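Before anything else, here is the set of structures, which you'll find just below.
Common to both upcoming complexes is chain A, partnered first by chain B, then by chain C.
This part shows the complex of A and B:
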């Protein structure tokens, strides 16, 4: 009965509905991506639509019918981000260098204006003159004369014909008709860009719908030479190849506040090893990451195995003990970490109260590291208890029985038989656990925030920072985030974790078995 | 047959997909101004819009609230041309970063709007000489004292320390930071001891000629916060954890609290026993941050074709006395205007406005965010070094002074 549902015309109709719906959703996403200028995403989505329809509507490849969803997700959420991170690691991509170059030039031109020295600003009404041109009517408060300005002209309007509104702002005159609110709204996209004529040097730029200031362009962009000229000083600002227009006479002086993402190729990678300010913390963080991951695996495995061995024998209440031991694993780790954080508090924490001490756990690097390892032990031992329990069941009891008959002590049985066999079974999991802890961001971020950091000594990495939390700090620093450098470190982390994982897979012979 | 069905299915899939394309609105409806705010200001702004719907004739408003200030910041950091707001209610120290990211558009105020605010408040929302929004409300801290423990406000920093040392057995600490954390909230303590990140001249400009004196700070730290053997005397904890609970429980006589949390203390029966942190000399007071939150104009407004409407909204809502009064009546914070205290709705807010009026330091992100080490990281590190690690105050104060000096130089060149 069930089989018939997945075969025949009914199944085909279901498939077609599914394909149509999937295509429609992906089509919507592609359209959004195109609208936002995300062409790579749009191309991928269109590729996904075509490949899904091709694979499921033809019989060219049966295995692809099973693999395609996974492959598409792999491309979208693994390969794509890796490639993007790799690409960004070669760019000057930090606070102040976020936009694209054309966007940055557009903003520099727009903001490269100067108000007149008196910061003159008039209340204005926006409307049309007799010729139907967009214009503004205002009282020039410096000369006490009413005027109508269009983009090209300025005409004096006799005071007698000007009518004022409730706020004493000129609102109409014989040569001027104010725009309605609907008309103003429909012109909002264009009128902020208008420059109304004032005196040749200055123009009137609108500040909303009710005011206009006197401005003049302070810089000029020469597209052919790709440079800006400061119109007041004559200084020239050229593309410095690093995402900013810099003064040719003073390379440290940049134009405006915005720059753009510029390719600097492998500079971030070389900086990590050549600049002492980055190299020293990078190496210390790297060493601590290795230590943290290694110690975490060692301690959690040791405790898990110990408990598994203890409960491997039939003892009274074994089920209850087993249930209790799994509890830390069942509890959301975020909650556990925060509770542990409170327990380690210097003033009010349960640990200091129990020990009768006043240890500043998170203000001292050694104590903070001990706390991190301890909390990770609490979070991680149930996992190894479970897998070790399972693995112990898989070791034939005849082996230890035979050894015992031959006169081996329990310690010898454990050292020579149980442990080697267990390690053989569990080594892929140990390696996977090492790789997991290598990137255990949650624990570090929630428990210590990577601290303590000796900022007074200029340190940028904390005592418990691991590579991933260190990267996060560089990428999302409040004042100055450096996404390019963070991407370079991410690439290095990826290479390390990928190497560890490959080694793990090789060790467990998963690939060979699969082949 | 199957081939024909495949062709039909292709056509059907394409038709549904095209229908999907047609169903997507190309843009939001014209004349809609989108304002982003945090979880407290957003709903209150929504109430303001429902009370008066013609702030800008012909425009409607869409208020998007985020659960917290951090969530709002994260959303703004990730905003795109299509998703970004036209106006955002943000912290003043976001201005330099957001301006550098090309997300903020400058505004020029009419004299009528300008006269509502102090030069310092406008300076708070400026970067490289350009103003990016209008001040909305003031965020500051004040020092509250427990009248059941101490009868009157302390005259000097030493008075507080003396009281603590005399009653140490029954107290957890003398003065702690309950609001604003160990950098923003604790500024008053550090300035009382002489550790200024910068000073402001009478004309409102930054005083670069009078940096922090490390020797004075080290001497004050030793005198007021340490014992003779260089360990913390317990008066001022290096962490803000538990401060609020301990103050409320009567275990700490003095606490620095934020104006946004006053109602919690009111609910616990505390009166407005509020003052700035006293200085080391009797009758003097130490500055704390008095920063403004701002309604900032974004560059997205121009991309959405509502720039003029959004600017007008800024002037009509936040730049007018009517708008500010109406909004703060709902929001309940001290309004960011010269006469904000006169129309603050609660005694608590009037009290904080008074504290800000006695002494406050504008929060200048370009200086505080620093170059290598920010003020936000350096000050907590200083507290830890001298109060927890027991390091020599002279050495640590010298390091702090060096950081402040470097940040001041970098900030001034950046302003």
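This part shows the complex of A and C:
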């Protein structure tokens, strides 16, 4: 009965409907992506459609039928972002350099304007002229004539026909009808872009709905030479190869505040090791990351093992102990970390209360680090208690019994037999735990936020920041984010963690089991 | 008696002191949740009064969409758990039972990929999903389906790896017998493998659920609006906000959110512990 579901027309129709629907959805997305110019995403989507149809309509590869969906997800949300991180690390990609070059040039042209020396400003009314074009009606206060300006033209309007509103601003004339408030509302987004003709050199740019000032283009872009000229001073700004137009006479002087993502290859990596401004925090954060991960593994493993040894005997209440001891592990960690954060509060925290002290735990790097290790001990020891208990059960008792007969003391048995065997069994887990703590973002971010920060040179690295939380701060620092540098550090972290883990796995021979 | 003391006293002493260490923060949360003044202050170990004000606040204050947060978390974590296991189990089956070219290098690659924590590529994920948002706002940055997709992708590597470890322990005799009888891989998968693996799949599903329920930073980056938040982000906003820390409602909210998780964990601890080690330890 059940078998028939997998054969026959019904199954085929179902499969075709499913394939058609998936292809249609992905195809629609690909089309939208293309329209937005997101080629990489569109290509991936098209690849997904083709591979899905190929794999499920033919019988070329049976294994692919099983792992294609998983593979596509991995490619899209893990491999893709890894490659993207790698790519971003080679770019000048930070606040001020987030656009593409054409977008940046467009921005520079748009903002590269200057007001006239007198800073003339007119009261205006926005409306439409006879031809239905958007235009403004105003009294030119320098010449005392009324005029209507559109984007391309400027016509003098006889004073006789012009009607003023309550604020003495010209509001209508035979050739001009003002827009209603509703119409103005729908215009809103495009208002800053509107330019109205004035005298060829200057144009009128709107300052809100009721005023306009005289502007002229202050810089000009020369497409052939790919450079800007400052029309007032004659200074030339050239592409400096690092995502900005820089003054040819003064390399430090950039044009405007807008730049673009420019490839700088390995500069982020070399800068991390050569520039003191970056190297000093990077090295100190790196050292603390290693010590934090090492100490975390050491403390949690030691306490876990001790408990496992203590409870490796059928003593009274063992089950109750066990249930209580794994509570910290069962509790959602986000919540327990936040609770610990409250307990370390200087004024009201339970820790100071209990100790009778008044320590500002998170204001001092040494105290903050101690707190971080203590909280991580609380979070992590049950794991090692559980796995060490399991491992103790797995060690054959014959070995220690034989040693005991030979006259070995319990201490000798533990040091010479039990511990080495345990370490051998648990070493992959110890290494995994090290790798996990190396990137234990939640703990640092939610407990101390990486602090305390010594407010020097606008440095953002704090006393308890580990590499990953430092990276996060660099990437998402408001007003000064540097995605390029953050990506470079991410790549370094990945290489470190991957080599540590691969070394550990090789040692434990997991890799050999594949064949 | 003396021998008992020497042999067992240290065991009880150690266990009791560590048990107190374990319980201390949890006890504090419980009494804070009944403390109407909303502080996490330890003035006495025995609460002076018991009030349910914090609990009623969670459910009746219109500014605190606690139930919506809970619903968001349950839906997202539930969907991630089910979908990632459904997709991951098929992959794990292929890696564990089928023979094909490039299997060993595929597994090595998978091992490498699952070591890469999602948090490392967080800025890339952010930028990519920001771009997706420009042409498909429904699945881009700021949308729940978008977050779901990112979680699914992130869970895939670990889950396939974990599931493969489990699948390897299921004896292959049955599906070999079926193969001899002429069953196709699809039939073996659905009719033999899935029924056998159901307990294992549910444990991985559970681990996946707890992991997603606990995820903080992606959820915070993705879902900014108050009613869109997940429970972890929502509760954090009680005490991480610019206004004074509201420990009372936070404690009450944490207790309600964690009691089911803790209960499930304790009742299934044996399976979960196996799951925690199966990924990396053989046997």
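As a convention for this text, the second predicted complex is superposed on the first by the 413 of 515 C-alpha atoms of A that agree within 3 Å, B and C clash if a C-alpha of one lies under 4 Å from a C-alpha of the other, contacts with A are read in each partner's own complex, and residues count from 1 in each chain.
Rule of thumb we're sticking to: a contact is a pair of C-beta atoms (placed from the backbone, for glycine too) under 8 Å apart; a residue touches a chain by one contact, two chains touch by 3 or more.
Since the model is a prediction, treat every value here as computed from it, not as a measurement.
Enquirer: After superposition on the shared chain, which partner residues are touched by A:365: those of chain B (first), chain C (second), both, or neither?
Expert: neither
Enquirer: Using the superposition on chain A described above, determine whether A:272 touches chain B (first), chain C (second), both, or neither.
Expert: Once the two structures are laid over each other on A, A:272 reaches no partner at all.
Enquirer: With both complexes superposed on chain A, which partner does A:79 reach: first (chain B), second (chain C), both or neither?
Expert: It touches chain C, and chain B stays clear.
Enquirer: Does chain B (first) or chain C (second) touch A:354, or do both, or does neither?
Expert: After superposition on chain A, A:354 lies in contact with chain C alone.
Enquirer: With the two complexes superposed on chain A, say which partner A:333 touches: chain B (first), chain C (second), both, or neither.
Expert: After superposing on A, A:333 lies in contact with chain C but is clear of chain B.
Enquirer: According to the stated criteria, A:36 is in contact with first (chain B), second (chain C), both, or neither; which is it?
Expert: A:36: touches chain B and chain C.
Enquirer: Figure out whether A:432 sits in contact with chain B (first) or chain C (second), or with both, or with neither.
Expert: Only chain C; A:432 stays clear of chain B.
Enquirer: Specify the partner with more touching residues on chain A, choosing between chain B and chain C.
Expert: C
Enquirer: Applying the touch criterion given at the start, work out whether A:231 contacts chain B, chain C, both or neither, answering first, second, both or neither.
Expert: After superposition on chain A, A:231 lies in contact with neither partner.
Enquirer: Of the two partner chains, chain B (first) and chain C (second), which one does A:25 touch, if any: first, second, both, or neither?
Expert: In the superposition, A:25 touches chain B alone.
Enquirer: Does any part of chain A touch chain B in one structure and chain C in the other, and if so which residues?
Expert: Touching chain B and chain C on chain A: residues 32, 35-36, 345, 348.
Enquirer: For the complex, which residues does chain C have touching chain A?
Expert: Of all residues in chain C, those touching chain A are 7-8, 10-12, 14-15, 18-19, 21-26, 28-29, 39-43, 87-88, 90-91, 93-95, 98, 100, 103-104, 107-108, 110-113, 115-128, 131-132, 134-136, 139, 149-150, 152-154, 156-157, 160, 184-187, 189-191, 210, 213-214, 216-217, 221, 232, 235-236, 239-240, 245, 247, 250-251, 254, 257-258, 261-262, 265-266, 269, 273, 276-277, 280-282.
Enquirer: Quick one: in the complex, what on chain B touches chain A?
Expert: That would be residues 2, 5-6, 8-10, 12-21, 23-24, 26, 30-31, 56-59, 80-82, 96-97, 99-102, 105-111, 127-128, 130, 172, 237-239, 241-242, 299, 302, 305-315, 365, 369-374, 376-378, 380-382, 384-385, 388-389, 396, 399-400, 403 of chain B.
Enquirer: Help me check something: in the complex, which residues belonging to chain A touch chain C?
Expert: Residues 2-3, 6, 29, 32-33, 35-36, 38, 41, 61-63, 65-67, 69-71, 73-74, 76-82, 84-85, 88, 303, 306-307, 310-311, 313, 315, 317, 321, 323-336, 338-343, 345, 348-350, 353-354, 378, 381-383, 386-387, 390, 425, 428-429, 432, 435, 439, 441-442, 445-446, 468, 471-472, 475-476, 483, 486-487, 490, 493-494, 497-498, 501-502, 505, 508, 510-511, 513-515 of chain A touch chain C in their complex.
Enquirer: Where on chain A does chain B make contact in their complex?
Expert: Interface residues on chain A, with respect to chain B: 12, 15-16, 19-21, 23-28, 31-32, 35-37, 49, 53, 57-58, 95-96, 98-99, 103-104, 107, 111, 115, 119, 121, 123, 181-182, 184-186, 188-189, 191-192, 206-211, 213, 256-259, 277, 345-348, 360, 363-364, 452-458, 460, 478-480.
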